[in-house]
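The two complexes that follow have chain A in common; it is paired with chain B in the first and with chain C in the second.
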Partner chain A sequence: MKKIRLDMVFSQSSDVVSREIDGSLIIVPLTSGVGDMEDDLFSMNETGTEIWRMLDGRRTLGEIVETLTGKYRAERGEIERDVIGIVKELIKRRMLVEETA
Partner chain B sequence: MTDRLYTQKGDGPPDDRLDIELTERCNNACIHCCINRPAGDRRIRTRELGTESWKDILRQAAGMGIMTVRFTGGEPLLRDDFSELYVYARRLGLRVMLFTNARLITPQIAGLLAEIPPLEAVEVSVYGMRRKSYEAVTGKAGSYDEFRRGLQCLIDRKIPFVVKGAMLPPNKEEWDEFEAWAAANPCMEGPPACTLFLELRGRRDSATRNNRIRRLRIPPEECLGFLTRDTDRYRKEMAEFFGKFSSTPDDRLFTCGIGPGCVDAYGLFQPCLSLRHPDLTFDLKKGTLKEAVDSLLPRLRDMKATNASYLERCARCFLRGFCDQCPAKSWAEHGTLDTPVEYFCGVAHAQARFLGLIGNNERAWEVRNNRQRINNLRRREGVS
Partner chain C sequence: MSKKPLNKDSATKTENGVPLSGRALIELIKAVHARGLPFRFRAGGHSMAPFIRDGDVIILSPFAACEPRPGDVTAFIHPETESLCVHRVLAVRGGRYLIQGDNLPGKPDGMVPLNAILGRVTVVERAGRRVRMGLGPERRMIAFISRCGGLTLIRRLARPLHGCLRRSPAPCVKN
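And now, the complex of A and B:
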């Protein structure tokens, strides 16, 4: 997988639909090859949802990390690892697309 | 920041489902069917909900957190707007269960299901392994070849599907062959589901057809023979079942958990696919899906039986959780919600006798030490 850098920008893939149910965000695959029969739903907690919403095709990952650092009492390095981790997972599942300048 | 930002399926919301009966019309005329109307019935067709009304209901369902809709019928693919409604549901993030006889599955429909997968295996009803038996059930010449072509379209596009059947006089000798054929399908988890206990017409619309369905019913002792083909497995499963689901009987009418809820072809919300009592529906042209769910379902939970025969028998019977008797079956059979249905009672008693839960001349509602008998069964079968 391509190395994820903080200056990268991602947007939500049109191959998925996100739904908010009972406070959790559920990402449902729309097209073939995203998820599979055994593991087709992907749900996020409150913080994951916040990250998902900021993956809007405009903000860099660095800006997302910055926003979260101002909000949560956690080390910036830990937040960076979390954001990059979830982005990697979402790319693996074809739920995010990279925006190129 | 947090331990887990995301989780897999299983930690998500409850998988609520809504049944969507897109049409009662069907291109088959199955001898045993409890709902079908002719495919070309224009009067019925004009009464059916239109595309925009269905989209509105699907939007409401998604808004309520429902995860899965079951498109059924009749034959749902008879609707000209099937593809449009399917894509709409999927774009709302709904998973779609499709119940079909596969006759109308074309390369185009299979292509759509391949491009935008339903996220649930398509469920295909199979009426026989040969043209003669299949068409003796469906009553339609050419239906067998169309079904095989439709199924092949699913196979060609690698669409996950499962098969199920109804055991009927024209096909019952083929059942072992059907199971062996079904076992070769990698999507099947165990033997195909079998409709063994036929239901009468839910709309109570034809005494002639109901009489025919009654004649097609397999007698309780013969049902038992089929159910107990693998005796050890049957006994063990039943011992586990009784351990989990037996409860003290009472006069509540609905003991099934009620739901998941169904919208019929004309926009009436009803508790389930089978129950079509006109007083137990909510017209979605006059209110929302949420209002229907909030007003109708709690009312059902409080409903009590009043029929003396039901109170004497079903309301005291420890086989109740095991018997197919329910308000829907009572309605179809007798036009009331709480009249015992002798056929289902006979089937439940035949099984209970086989399991040693009741003696030859005993009636289950007269048994007082049922807990002890269930424990004995569980002990015999080594179920803890």
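And now, the complex of A and C:
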């Protein structure tokens, strides 16, 4: 997998449907033209949902880390690892698309 | 402003087969159907046996241009419990649909309005194989028989035969 850098920008793939239900975000892949609950379903709660919302095709990962650092009681490095970790997971499931300049 | 603690788990939690409430499932079905795509999920319960069994995987397609017809197996929001149900349309009266589970004789779900019907079951998969019985042209006959209360009678008559068929294969295999 390509190395994830903080200057990269990602947007949500159009091949997913996401809904916030009962405080958690559920992402359903639309692979092969079907919304498939039997496929890889992705569930995230508060922090994950916040990261997902900020993956809007405009903000860099560095900007997302910055926003979260101002909001959460945690080391920047820890937040950075979390953001990159979740981005990697979403890329692996083809739920994110890299925006190229 | 005080900072919130970071819930590490929340940022990285991923699961397969996330257990969802009925309301969540309804939301997701609506969202996927809004894109014009079918929705695949696992059915639970015995109310549609023998055509849909507990644990079968079903594909629910949006109705798009056509409307539900007698015989169609539909997913809908139950008018009383507001839960998600998958049962068969028996009749259409005044723009509302009389729906009932094949295995729930004499217990109709009531008259369901069109806006409570989410889609039609177009595929049933059991142990990785497609099950066609109950969704093809015979579905209208099944609805008719169910409306007349005949499914229970057929099931009662078929039970001893089913038992015989289960017990009999050994001599045949021996040949």
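The rule we apply is simple: the second predicted complex is superposed on the first by the 94 of 101 C-alpha atoms of A that agree within 3 Å, B and C clash if a C-alpha of one lies under 4 Å from a C-alpha of the other, contacts with A are read in each partner's own complex, and residues count from 1 in each chain.
Note that in this section contacts are C-beta pairs under 8 Å (C-beta built on N, C-alpha and C of every residue); 3 or more make two chains touch, one makes a residue touch a chain.
Predicted model, so just to flag it, every value in this text is computed and none were measured.
Overlaying on chain A: chain B and chain C, fit or clash?
clash
Determine, under the contact definition given at the top, whether A:22 touches first (chain B), second (chain C), both, or neither.
both
Who does A:61 touch here: chain B (first), chain C (second), both, or neither?
neither
For A:95, using the defined touch cut-off, is the partner it touches chain B, chain C, both, or neither? Pick first, second, both or neither.
It touches nothing on chain B or chain C.
Of the two partner chains, chain B (first) and chain C (second), which one does A:78 touch, if any: first, second, both, or neither?
A:78 contacts both chain B and chain C.
Does the superposition put A:31 against chain B (first), chain C (second), both, or neither?
first
A:87 in the overlay: touching chain B, chain C, both, or neither? Say first, second, both or neither.
neither
Pick out the stretch of chain B that clashes with chain C after the overlay, from 240-248, 276-284 or 366-374.
Clashes with chain C appear only in stretch 276-284.
Please report the chain A residues shared by its interface with chain B and its interface with chain C.
17, 19, 21-22, 26, 28, 30, 35, 37, 39-45, 47-48, 51, 68, 72, 74, 78-79, 82, 85-86, 89
List the residues on chain B that touch chain A in their complex, please.
Chain B residues touching chain A: 1-2, 4-9, 11-13, 62, 65, 67, 90-95, 114-117, 119, 121, 160.
Write out the stretch or stretches of chain C touching chain A in their complex.
Answer in residue numbers: 3-18, 20-21, 23-25, 27-29, 31-32, 35, 37-42, 57, 59.
Could you please specify the touching residues of chain A with respect to chain B in the complex?
The contact residues of chain A facing chain B are 17-19, 21-22, 24, 26, 28-32, 35, 37, 39-45, 47-48, 51, 68, 72, 74, 78-79, 82, 85-86, 89.
Help me check something: in the complex, which residues belonging to chain A touch chain C?
The contact residues of chain A facing chain C are 17, 19, 21-22, 26, 28, 30, 33-49, 51, 68, 70-74, 78-79, 82-83, 85-86, 89.
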